[in-house]
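Residue numbering begins at 1 within each chain, and the chains themselves are lettered A, B and C in the order written.
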Amino acid sequence: MRSEKEKSRGPSLSDLLKSWEFTIFALLIAVFILNLILSPDLFRIANLFDATLTFTEKSILTLPMTLLIISGVIDISIASISAMSGVILGVCYKAGMAIGYAVVIGLAVGLAAGILNGLLITRLKIPSIVVTLAMMLFYRGVGYVLLGDTAVRDLPERFGLLGGAYSVTFIPIQFMIFIILAVIFGLVLHRTRFGRLIYIVGNNENTARYSGIPVDNIRLILCGVTGLIAGLSGVLLTSRIGSARPDIALGNEMAVITICLLGGVYIFGGKGSIIGVVIAALMIGYVRYGLSILNVQEQVIRIFTGGLLIIALLIPTIAARLKTPARYPEGGV
Amino acid sequence: MKKWVALIVCIMMLAGVSLAFGAAKPKEGAEEAKGEGPFTLAWVPKGLGHPYFISCYEGAKEAAKEFGDKIFEVGPDDWSVEGQITVIESVIDQKVDAIGIAANDMDALAPVCKKAMDAGIHVVAWDAAVNQSARVTFVNQASFEGIGRGLAAAMGEVTGYEGEIAVLSATPQAPNQRKWLAWVKKELEDPKYKNVTLVDVVYGDDMTEKSYDKALGLIKAYPDLKGIIGLSAVATPASCAAVTDKGLIGDIKVVGFGIPSTMKDYVLEGTCQKFLLWNTIDLGYVAATIMHQCCTGEFTGEVGETVKLGRPTLGEPDGVYEVTVGEDGDPYVLLGPPMEFDKSNIEKWAAIF
Amino acid sequence: MNNERYRGTLKNLIRRREFGIFIIIIVVMVLVGLRNPTFFTSDNWKDMLMYVSILAFISIGQMMTIVTGGIDLSVGSVVALSGMSVGIIMRDNPALPPLVLILLGTIFGLGCGIINGLLIGKGKVHPLITTLATMSIYRGLVVVVSRSRWVVYGDITKGFRLIARGNILGINNLMFVAIIIAGASYYFLNHTRKGREIFAYGDHQDAAKFVGINSTRINILVYALSGMLAGFGGVLWVSRVHTAQANTALGYEMQTIASCVIGGVSIFGGVGSVFGVLLGTLLFGIILNALELIGIVDFWKLSVQGFVILVAVIFDAVLSHRVAEQMRKQRRVFDAE
């Protein structure tokens, strides 16, 4: 029986998780090769990095979500928090605030929303799936109430640089942010005590509680962080589009969850790694990019991501079924 | 440790392969207009699905076929600004020669269209313009003033110049919607409309179902409503459907834009007395022709320049269009006067589009 | 023994709950009526009930999946897919009788539901994930099937229009259908063996297995039913609004879940009643209608929906938390290996 410490140190050769990551990585390579065959002149280095702009905003969200799902909580309101943050940023700017302060407010709003979610989940003991379902509608609604059918258009140009510009030659700033965050989250999850606690909480909540681990506070913190990053995602998206509007980030929550699940995160908590998720994020990102330059429509692309998700989840459950009789856990997440 | 090394090696392999592929094929064409076809044209409507844009594309395809150009249609299936921006970016990556866009938002689409222009792609706007700095020219289906005043006048006429009326528009940010609405309101300021009150303007986002719900909402909220102006080819049939479902044919009059094939039943039943449109096939045809001529270098969008078409259109029987200056000082190409449809000609045109 | 005790409490809970919803409905109706008397017109009620009827029977399907401890997020997409498919068939074959179209739509929905059921029952993929994925897949198929061309007003035949607007025995078709389905579901869930098995399974899956309830078959059954009802609803939907687009019924699954949650269906499974769902749907519909009439701008709709679900859920949690805890404790003891 491997100790919790060994488990959370990230995959090692004898771990089932590792074979999952290799599968995902192999799939990523396959995706690249396929794209290179189908659209040879378009899959160049500069374009590849350009392409990240289309999926970075979603990808940064997968990082805190990984930690959150491992701890046994799910948050499907993240896209709505992104939109709300973007809208509030725009509203503040329109009201005369300097763009810098507006950004801070946007982030703070995300953080607050996350904490609110966390409180509802941990203090009122409502299943996270239901709470965040309700909040998903609620936060999205806030965005619409504030801006309705309009948009805040004349955001300053230097703000647009945040989401759209490049740092080192052709590497977009956004992508750098993603890499940095990935490293941070990866270190926290796999190399700190806090990270180990997250695994324990997700694996067996009751045992964790009895061991004196502050389960609720840990989850609360993770919810808050998720909200904060959701706010960041909204800020980046708003910056890239160039206007603040309430209808951005529609459907992002599903994409994020799909990526996490594909990345090997177990929906019931307790298992998962940042590396797998990062690879999955890149894979899904490039699958969508590849399909979009072949002019496949957005809604049709979702067939592929949905299909990938199902295939990805059928494999291990079939394998597991061969070993032990499968069971359902106690209902909702 | 070993795993990390393996990972880095893999990534470098990937990079190497991509570079190799990238270097093998020479960069596609110069940044300037090649001057020679066949060109690749990207047709970007506000969204996909509605017969209005489908018929515009028919016209565009006709023009492309004439020149031997390749044309394809892409658009956001949710008709959103974000979706359209993503589509344009993807099209830029594909290095097309020209983009024909009906913009969902004049300013929000401007940066990405500018990016396209900077990359050597000619951007021609049609139906709904993008900011002047981000396009070569704009093919306007009818003058904003002509449409706005025309619709208000039609409404006034069928309601006997009195009563409460409302407007069902598409999206509030669409440039053509705003201009038309402004001219409708301007026309209503004229003293002969003193008994006509505009009670509300609602937005159906050019979504058939939402427009229908909004129209129903108008009917419920204003029991004395006498007329609805549908500001788009989606809004008008939606209003007619709502009026029909409520059994108020004749009590509430509907005028607006519509495509003959979708409006036929409503005109014959009397729900809509008359509606306006332009020849959408012509619109697509003219826009695509201009796109081609931008690519060959014949057209640059200057005021006074002319475009010679391959065939005459309803608006210009001799098939020659000129770039003129519009009401807001921006140069554009005017398709022609709007067409009026009513019981007398609906059957004929419904068979065409 | 404990089981019986809390089962009784649960039943009482439901009864109290349904009564509570009923009271809330009355209160809301009075408040809205005071604010805008148009609320009480038969015209308004007819419209609202047409909307609520479709929501009601699709929510009943949703309820069955939630009762087994799962969820069906794909209903919105199934409504769209079946609606669009049938719309296109109607457009190309205007002579087809409406009943045939309804049958086709139902079969399409059934097919989608069976796929869900197989993935969940046989493939043992968690319902949340499965239906999340199929939601995207079916929604994408709407575009593929329609080749990016909506079904619009000019395409709808008179006969098709009547599906939603005709009357049987003086009541609007949609309402009539909803009542029949509700009655049939009630009978099925409460007075047939299979129906009781569904509840038993949702209550405690392992115990159910020991009693010989086949989990695979139960899952296929409930998701097939949910899909079938959604497919049926899709045809009626398109008839009601005279159009089918790529984003028809987008987000609709949330409304069905809201109706269930308000109606007392427990997200943990094992608890729920058809009557509760009907009341929950009605309340939800009334709230939506109220928003329109009070003149609250459209944009509040989303927030209010979310808020309503939240309130219902908090209420649920506060009331039944103890019972759920007991349930969980029971299972823990049982699962100790």
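Please note the rule applied: a residue touches a chain if its C-beta (ideal position, glycine included) is under 8 Å from a C-beta of that chain, and two chains touch if they have at least 3 such contacts.
It should be emphasised that the depicted structure is a prediction, and the values quoted were computed from it without experimental measurement.
Centroid distances from chain C, each centroid being the mean of CA atoms, peak for B. When the C-beta contacts at B-C and at A-C are tallied, the pair with the greater total is A-C. Here the CA centre of chain B is 38 Å from the CA centre of chain C. Here the CA centre of chain A is 29 Å from the CA centre of chain C.
Shared contact sites, meaning residues of chain B that touch two or more other chains, fall at 48, 77-78.
In chain C, the positions touching at least two other chains are 143, 148, 246. Those residues of chain A in touch with two or more other chains are numbered 297, 299. Residue ranges of chain B in contact with chain C, taken from their complex: 48-51, 54, 77-78, 207-209, 212-213, 216-217, 220-221, 223, 237-238, 240-241, 245-246, 259, 261-266, 350. The touching residues of chain A, when paired with chain B in their complex, are 25, 29, 32-33, 36, 40-45, 47-48, 50-51, 53-54, 149-151, 153-154, 160, 237, 241-243, 245, 247-248, 250, 289, 292-293, 295, 297-299.
Within the complex, the chain A residues that touch chain C are 120, 124-127, 129-131, 133-142, 144-145, 148, 206, 246, 254, 257-258, 261, 267-268, 297, 299-307, 309-310, 313-314, 317-318, 320-321, 326-328, 330-333.
Residues 7, 10, 14-15, 17-19, 21-22, 24-25, 28, 48, 72, 74, 76-78, 80-83, 85-87, 89-90, 93-95, 105, 107-108, 111, 171-173, 203 of chain B touch chain A in their complex. Interface residues of chain C facing chain A in the complex, by the touch rule stated above, are 69, 71, 119, 123-126, 128-130, 132-137, 139-144, 148, 205-206, 215, 246, 254, 257, 261, 267-269, 297-307, 309-310, 313-314, 316-318, 321, 327-328, 331-332.
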